[in-house]
Each structure stands twice: as C-alpha cells, then as structure tokens.
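Chain lettering (A, B, C and D) follows the sequence in which the chains are written, and residue indices restart at 1 in each chain.
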Amino acid sequence: MFHLNKDRAAGIVLGTSFLITMALALFILAFLLAESLPVLREEGLSFITGQVWYVAGDIYGALPMIYGTLAVTLLALIIALPLGIGSAVITSEILTGRTRHIVKSLMEMLAAIPGVVYGLIGIALLTTSVRDLFGLMDGNTIFTAGLLLGIMILPTIMTLSDDAMRSLPGELRAQGRVLGLSHGQTIRRVVLPGSIKGITGAVLLGVSRAMGETISVMLVIGSLDRLPTPIYNVFTSGQSITSKLGREGAEGLGLGLQWSALAGLGLMLFISVMALTFTGNIIRGGVRPKKSKNHEVTG
Amino acid sequence: MSELFRLTKTSLYFGNTPVIHEANLTIKNGGITCIIGPSGAGKSTLLRSLNRMNDLIADFHHKGTIMYNNRDIYDKGLRLEGLRREVGLVFQKPCLFPGSIHDNVIFGIRHIREKKKEGFKVIAERTLKAVGLWDEVHNRLDSPAIGLSEGQAQRLAIARALAVGPKTLLLDEPTSSLDHRSARAIETLVKELGRTMTIVIVTHKLEQAKALADDVVFICEGKICEAGEAANIFSHPENIETRCYIEGSPPLDPTLPYPE
Amino acid sequence: MILKRVYTFVTGFLLVTLLVMVPGGTAAAKRASIRVTGSTTVLPVAARAARSFMAAHPDVRITVNPGGSGMGVKSTGRGLADIGMVSREITDKERALFKDVDFNVMVFARDAVACVVSSEVYEGGVKRLTREEIKGIYSGTIKNWKEVGGPDRDIFVIDKEAHRGTRHVFMEYVFGEKTPAARGADLVSGANNEEQTKVSQSNSAIGMLSIAWINKDVRGMAIAENGKTIMPTKDNIINGSYPISRDLTFITNGPPQGVVKDFLDYIMSVQGRKIIKDSGYVPLK
Amino acid sequence: MRVRVKDICFFSLCLMAAATAISLLFIIIGYILWHGAPAINFAFLTEGSRDFGAAGGVFYQTTGTVLLMFTAGLIALPIALGTVLFSHVYLGPSYKKTTDLFIYALNGVPTIIFGLLGYIIIGEGLHLGVSWVTGSIILAVMILPSMAVSIDEALSAMPHKYRDAALVLGLGRWHLIRTLLLPRSLPGVLTGLFLGLARAAGETAAIMFTATAFSGVGLPRGISEPVATLQTHILVLAGEATNPRALTNAWGAALILVTLVLALSLTAMFIRRQVRMEAEI
C-alpha cells in the first residue's frame, strides 16, 4: 500500500503541472476569443477589411495591420530563405566535424541575440542606411522591419534546414554519386528534394517567428495605421499586428472596445502563428525533429 | 501439480498484426518450462506478456485472458508492480544501470521498507552467491557495473531480478549473446533455480531446451503447435512443424515442389 | 559523482532564489511605495521630484513609468498607479469608462505644445506657420515645404499616438477637435523623446512637442495668428499669448492621502517649483 | 563541362549565403562591442542610472534582469519537469504526440500576447500589479515550453531498455522517476534551464508593461515592486537615438545584455553537446 500511495501522490503533483501546461495554450485561445467577441460583434467582417483604426470614434479596422504583418513576413522570408538554405547546404553537405559545429553554434548565437538589441541596431544603423540607400524621406519603413526580421529568422531557417538535410541517410548521397551525378547535382537533385519536407517545416517555423516578433518591428516600422499607396510600396511606414499591440497595448489594456479590438488583433496573430507552428512541426515529420545520428562526426 | 499461468484464447497484437493468435496454454507451477520455436514465432512477445511488459509498447493490445494464480493479470484491482515483483523477467541482453555493482543488485528493492530492514548488503550477497557471481565481484561491489563481462552482466541481471524475491522468473533467451562458457554457467544456474522456483525460459537452442526443460511449449507462426512434457515432445512430436524443427530440417511447405 | 554535484547545485540555486524572494516579500509591506505612470511630458518633473523626495524619505519608493497621458488616466482609474501624469484634459470617453472613479486633478504647471520642424527646414526659411497651413500639412493637402515658403522638399509629417496629451492639445488647436485623423501623416511616434529623435533625424520633418523638448535640431515654429507672430516661449505662455498651451496635471483616484499627498505637496513646494522650472515648464503661482 | 560550371555557380552562391550569414553575426556583435565598449566601466556596472538613462550606470537594470530571469526559471522549471515526467510515466506513449503538439503550440505563442494577457490576468485579476512577481510568472509561462522540450529530448534519448529493466523489477512509477528518470533528465533539465534563462533575459515585449518601471527603481524590496531591466532600459533609450550620451548608454546596456544572454545560451549548447557525445558513445 505504501507504494501505491506514493505513486498516486506523485501522479497528482506531476499531473497538476501537466494540466497547467496543457491548459495554458487552450486558455490563451479561449481568453482571446472571449475578449475579442465584442469587437467582432460590433465590427463584423469590417474588423478584417476595414482600413481605419480610429479609437476616439470606436472604429476598428485591422487591414493595415494585417497587411503590415504579411508584408514584413514576406520580406523577411525573401531575405532569409536563400541565405538560410544556401548556408544550410554549406554546413550540411560541405563542412564536417569541428568547423561545421562551430558554424552552427555561431548561427545559434545569432538567434540568441535579444529582439530589443536588434531593434536598437535597427534604429541606430538600419533606418538611416535604408533612408540614405533608397533616397527616402525616412528609414522607418515596412521594408526596414522586413529586413531586420529577415536577419532575425535566418538562424531558425538555416539550422532547421540543416537538420533536415542531415537527417537524410548517407546512402542516398552515395547512390547519387554512384549514378554519376556530381556533388552539386547530388545536392540539387537528391538532397534538396529529399529534405523538402523538413525545409518547408523550417520555413513555416521561421515565418511564425517573424510574425510574432514585436519589439524590433515596433521600433523601426513607423507605426502608421495605413495601407501604403500604391499597395506594394513597402518603402513607407506601416504597422504590423505586433507593433500595434506593443504600441497601443499598454494604453488600451482591458478597457472598452479598444481592448476588444486589440484582443482581436492578438487572436488573429495567435491563430495564424499556431497554424504555422502546427503545420510546420507536423510537416517536419512527427512533431519531434529527428536527430541526425548518421554520419554525425562530432569534433 | 497446480497451474500457474493459464492463457485462454489469448491473442497479442502490435497494431493490427497479431503476433500470437488465440493461444490456449497452461504453464504449471514449479519446474522449468521452455518456450521454443523458430525465430519470429512470437516466443518473446508471449513471454513478455506474462508480466505485462508489452504494455509499454505504443500499439500493443491483447485479446483473451491471461490468468496468473487464477487471477486475470489485467484485472483492475491487480497491482502491476506487485505482479512484476512476483514474476521477474530477465531480458535477452543484460541492461545494467549506470552505477556500481551493488547499486545494480539492489536497484529494484532500494525503496522497499521490509527489504531495507533485512539489509541490502545481506540481500546483495545472497543473490550474488545464488548466481555464482559473489566470488568474482565481492571485492569490487562499489566499482561501476559497466566493467563486467557480458556473461557476468547477465548473471548480475539475474541477481537483480532475484533480489526482488520473485516466485517466478521469466528468461528471454538469456544466453543468446554469450559465449559458450558463460552460456553454460547460466544454464547451470537456471537448472539450479528451477528446483526452488518456476522458470519460464525462451530459447532457440534445442540442446538448451533438452538440457533444461521439464515442459516444452513449441510455437510456430504465432500459434501454439504443441505443449507438454519435454520427454514426450522431444521423443514423439505429434505436430509436423515441431518434428521438422526438432529434427533440424525446414518445415514442409505444401505449395513448393518436393525437393529432390 | 558529477550528477549528484550538479543536482546539489540546482537545488542550491532554487533555495537561494527562494531565500532572496521571501524576506523581500515580507519587508515590502512595511514600507510605502508610490507608482506614477503616464505622460512623457510630465515624466521629467515627476522623476526628478521623486529622486529628491526619496533622498529625504528613504522609506518611500517612487517608481515612474512613461506611457502617455492615456495610460496615466487608465492606470490611475483601475488602481494600477497611485498617481497619473496627464498633460491634457481627461476625455468624456475616459470618464465614461471609469464612472466609479472620482478623478482628483492637480494642476502644477503650464506648458505649451510647439509645432516643431527639422532644423534644415527652419534654416531653409520656414520660421512660422499659420493654423491653416499646419492643418493643410496634417490633412495631406500641403505636401511640399515650398508651399509654405521653405525649401523644395516633401514634408515628412510625424504624427503622435492618438491618446497622447501633446496630440490632444495640438490637434484641438489645429483641427478644433482632440482626436482627428491625420491623413497626411507619414509616421507615428510615441514618447516625446521618440518624436524629438525622429524630427532631428530627418531634414524635412514636422512634428509636435512640448516646448521643453525644443533644441538646436528640433526647432519650434512661431504661430502666425491675426497678423501677429507668436513664438513658443515661456514668456508667451505666462502672458497667455501663445495659443497652444495647456495644464500639466497629476491625477489621483479621490483626494490624495498619506505619502501620495506628501509627494504631491512636495512638488508644489519651493523645491518642487524649482524642479518644474528646470524641466522647462512654468510652475503655477 | 556544363555540369561543372553549374556546380561552381551553385557552390559559390551557397558559400556567399553562408559567408553573409556568418558575417552578419560578426557585424552585429562587432557593432555592439564597438558602440557598447566605451560605455562600460566600473561606475557603469555599479551605479544606478541618472538623468533618464543618459548618465550613470545600469546596476539596477542588470540586477532586475537577473532577478526576473531567475524567478521565472524557478517557477517554470518544476512545472516543465513535472509535465514531461507525467507524460512519460503516467501517460502511455500514444498521448505523446498530442502532448508534444501542445507544448510546441505554447512555444509558438507570440510573446506580446503573454504580456497583454499576463497584465490582465495576473496584474489586474490577481491584483499583483506591475511587479517583479507578475513579470516572473509571465516569463515563466513563456519559457516553460522550451524547458519542457529540452527535458523531453533528454528523456526520449534514453534507450527504452533502461526503463524496461527498471519496470520489470516491479518498480512503481514514483520510484522509476526517482531512481532512473530524474538522474537521466538532469542534462536536459540543465540545458532547458539555461536556454529558458537566456530567453527570459532577452525578452522585452512580455514584460514591458507588466513588470518594469523606468525611473526610480532600486533593488526591489519585495516581489510586488516593479524592477528595472536592461531590456526595457534599452527600449526607452532607443527612442532617444539622437542623444549621443543616451545612445552610448543604450549600447552599453545592450552589450551587457548580449553578454549575459550569449553566456547562458553557450552554456546550454555546451551541456547539450556533452550529452549528445555521451549518447553517441
């Protein structure tokens, strides 16, 4: 009996912490849903399609923020994707042992630098460079935010793509070479297509990270709740969902329709990021990244 | 003699694939029962299901009943830990924990009060003596168990199982990865243990079965082909597959042309 | 064994953190603390006053946080701040949100909001603007500095977050309402420091700032009104001629009591008035 | 021959990408060092800030960051460990995927959302206000999943034979945890702890309106007082990018923060690497 009780007690304690963890994600979703109901009822579809966010008149249209989020994410991807996959090819297929390890560690360091420091670099270096380089009136633009985000998600895309390529069995490469393909051809025709799932997953996770990043975007995007004219002109100020939440969150917290609208923005962000994270993790093959044990030469 | 295990229409599945199909079997109390059969027949799966070690495998499930001492081992009121302490099991490959030899022997009893009263040192000495390892290791009980040879490790694993005080010991091909001499030592040990407790041993070595078994269960392709007293089965196998297996030729496949 | 040592270390780390936290938690109850939040225009006064007040009263801890006037009103309303810094009037909408709260407003200084431009524009010839010109710029009808007598450069229009006190006061003068939409805006800034930075980083910017933030890179425009040109100076605030001026206030939930009252009294004292003056505002008589 | 040309182009493109990526790191680190190092001196590390961050040091900001991160770790670690142990020992393997999905979901939640909800639920709902404790709880929730993932990785990497060998001896669940899983999860616990601490130390959005105050903050006298942090200090000073003194101090604070975060991450990476090497033997 002595044993059973201990097991049960441990079960209750551990089970509680388990339930806390499991409940958190659901709770956040439920809370955001509940809080954003008023604005959805009030605004309906125009919450998503409306272009005007005017607190004094209780008009909340989130289109500029949605546009801003999509635009900075897309820009970030355009920058990070080729750089990330190109570097992953180098670390996974060319480098071995110690060098590979060092390069990967350096990339992880890049990922560890806090967002606010990126923001500081953005403000002090990037905005002025972008302004002077493109002859703009000001460097606080959607483009600047995208550029900064691109640098920030580069390590995610690179290390996860590297994992994906490394998890391909070595025989596959050997097979490619046996068939007379060159090293480059083997990578292009065997390795890249073979690890496309993992790379796609990596990209989705990178995108979700870009969407959720707040501080650095908030510092350089310009915080203007307006769609640019023409619509593809990313060299103007804009607003992303996160920067809107960061800017207006403190003032609008918990009160009235403004808060409901902010919660609605949060809900949109939450759902899109969740969808990306889920799909990303599922595409990557089960939820768990497969650890590449084969041909891992640890230096 | 009384029966210890009774399997009634027991089927064991991994996913949708039955590994054992509707087996009916009794294993009697006391003595050594050998489970033999060609590899892949489901011997180990059957053995591991006797103390529910298959439960840990994600897609495992079972049908039918497995009774132990006239009690269903899947009975809700039954304590799994209690069952496993009464029915010990030793794996094919010894798995020693990081830590000393002494730590390994008492790993299963470290938290049992009654055992603590008895004294871990005493128990360790008794079980190590029982498996004939005492003389080899008594002066280095505190050194890491990793340093032991494969044969010693297997005997240590048996000692570890014995320390818990089981009434029944299940052995899953305990000699398959050992050299000849170590295997002989284990066989002698098993024979010895068989005098005082029930042993169920899976083996694919016929000589071993012949040397050890009081009873034999022959399994082929997930079915119990034949079970009974060892002497009978080895001298007069009724089943054609059994006979072929015992005589060392492959079973006849009626779909193939008869070999010339 | 290493494992054991590491576990000891982890347990030790947890214990030490606990030990740091628990006495800290109990000690805090004995001492007073005041939380001040809101307008970045008022912040320098509050922060400086807090520093010297704390020097004299070591038991009192006063924390000051920026966030804007809107934040000041709301934090005070919901009890998350003891004192709200507000550089504008409390709006009807805000009062409606906090029906049960009796806001006590303490006016402590006068300030003016200046229309500011980048020094390049100022030196390029734009030294005064009329209300109509500013309105044109902020509503997007005037797009180039040459339209108001400056260099041939596009105007970079910097707006402020809608709840900010500076914007309320500025817009009330320009548009006749506190929270109009500024369709001509190119960028939205928050705190005064940020606005100041954005204006000075640019060579063609227009913005709005409390006169305390005017410097050699960020020039204050004179307002041309009824044939007169009025500079945003302290003197013109005092004599009431500069049109975009305002009260700077501290608000509390109900009349201030205890240390909060002591602190607010300190701000109204001689030392406090000196701090207000040093911060660039006009203390009330 | 065309294959060769193609290959050369392909590899040089990849190489350029990798070089860009790596040089980005060096440019960023170098830039922070270049601008931050002049600010660093003894007084900067040991004094409180004055003149709204433009003068003085960042002592209280540094201690605030460290305090917040430690308490967050203190809260998150047991919960993360409990969660993983529960899913490994009490739940069958069939629940593993669902559990993982939830943990990964939590890991993906944008941090600003933690900040907003934390303020409403913990700050207002539990009346803890803008304080050290509010921030700690929010950060704890934020780092919980990455800790859980690390611990889970360590436990999942343990060969099943150990668990089987323990269970077959009739060990109860609690004893399985005590004798086998806890010691085996230690490297994961440490990796997770350090990764979590690094994340907590670098986070701004989740704490900027829930835990910190800008001015007038010393060492917090209790968990219900706000703290100053390097992150929010940098955020405020970043708004003053034209004031050279403020900017220098912002870079100094950034240098300290980056050093702290990188030291923590490198420790985590080091431990994880030791574990991997052990697992490969």
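The rule is short, and it goes like this: a residue touches a chain if its C-beta (ideal position, glycine included) is under 8 Å from a C-beta of that chain, and two chains touch if they have at least 3 such contacts.
What you are looking at is a predicted structure, and each value in this text was computed from that prediction instead of being measured.
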Shortest path length from subunit B to subunit C (each step joins two touching chains): 2
Core chain by centroid distance, with centroids computed from Cα atoms only: D
Pair joined by the larger number of C-beta contacts - A-C, A-D: A-D
Most widely separated chain from subunit A, with each centre as the mean of CA atoms: B
Inter-chain centre distance, subunit A versus subunit B - centres from mean C-alpha coordinates, in Å: 53
Inter-centroid spacing, subunit D versus subunit C (mean Cα positions, whole Å): 33
Centre-of-Cα separation between subunit D and subunit A, whole angstrom: 16
Shared-contact residues (touching 2 or more other chains) in subunit C: 67, 78, 190, 201
Per-residue overlap in subunit D, given as positions that touch at least 2 other chains: 124, 172, 175, 209, 241
Multi-chain contact sites of subunit B, meaning residues that touch two or more partners: 81, 111
For the subunit C and subunit D complex, residues of the former touching the latter: 3, 6-7, 10, 13-14, 17-18, 20-21, 24-29, 31, 33, 35-36, 43-44, 46-47, 50-51, 54, 61-67, 78, 80, 190-191, 193-194, 196-197, 200-201, 217
Of all residues in subunit D, those that touch subunit A in their complex: 3-4, 6-8, 10-11, 13-18, 20-22, 24-25, 28-29, 31-32, 35, 78-83, 85-87, 89-91, 97, 99-113, 115-117, 119-121, 124, 141, 144-145, 148, 156-157, 172-175, 177, 198, 201-205, 208-209, 231, 234-235, 238, 241, 247, 250-251, 254, 257-258, 261-262, 265-266, 269, 273, 276-277, 280
Residues on subunit D engaged by subunit C in the complex (per definition of touch): 52, 67, 70-71, 74, 77, 123-124, 129-130, 183, 186, 189-190, 193, 209, 212-218, 220-226, 236, 239-243
Residues of subunit B touching subunit D in the complex: 51, 53, 56-59, 81-86, 88-89, 91, 93, 95, 97, 107-111, 157, 160-161, 164
Subunit A - residues contacting subunit C, complex: 52, 54-57, 127-128, 137-138, 140, 222-226, 236-237, 239, 247-248, 250-251, 253-256
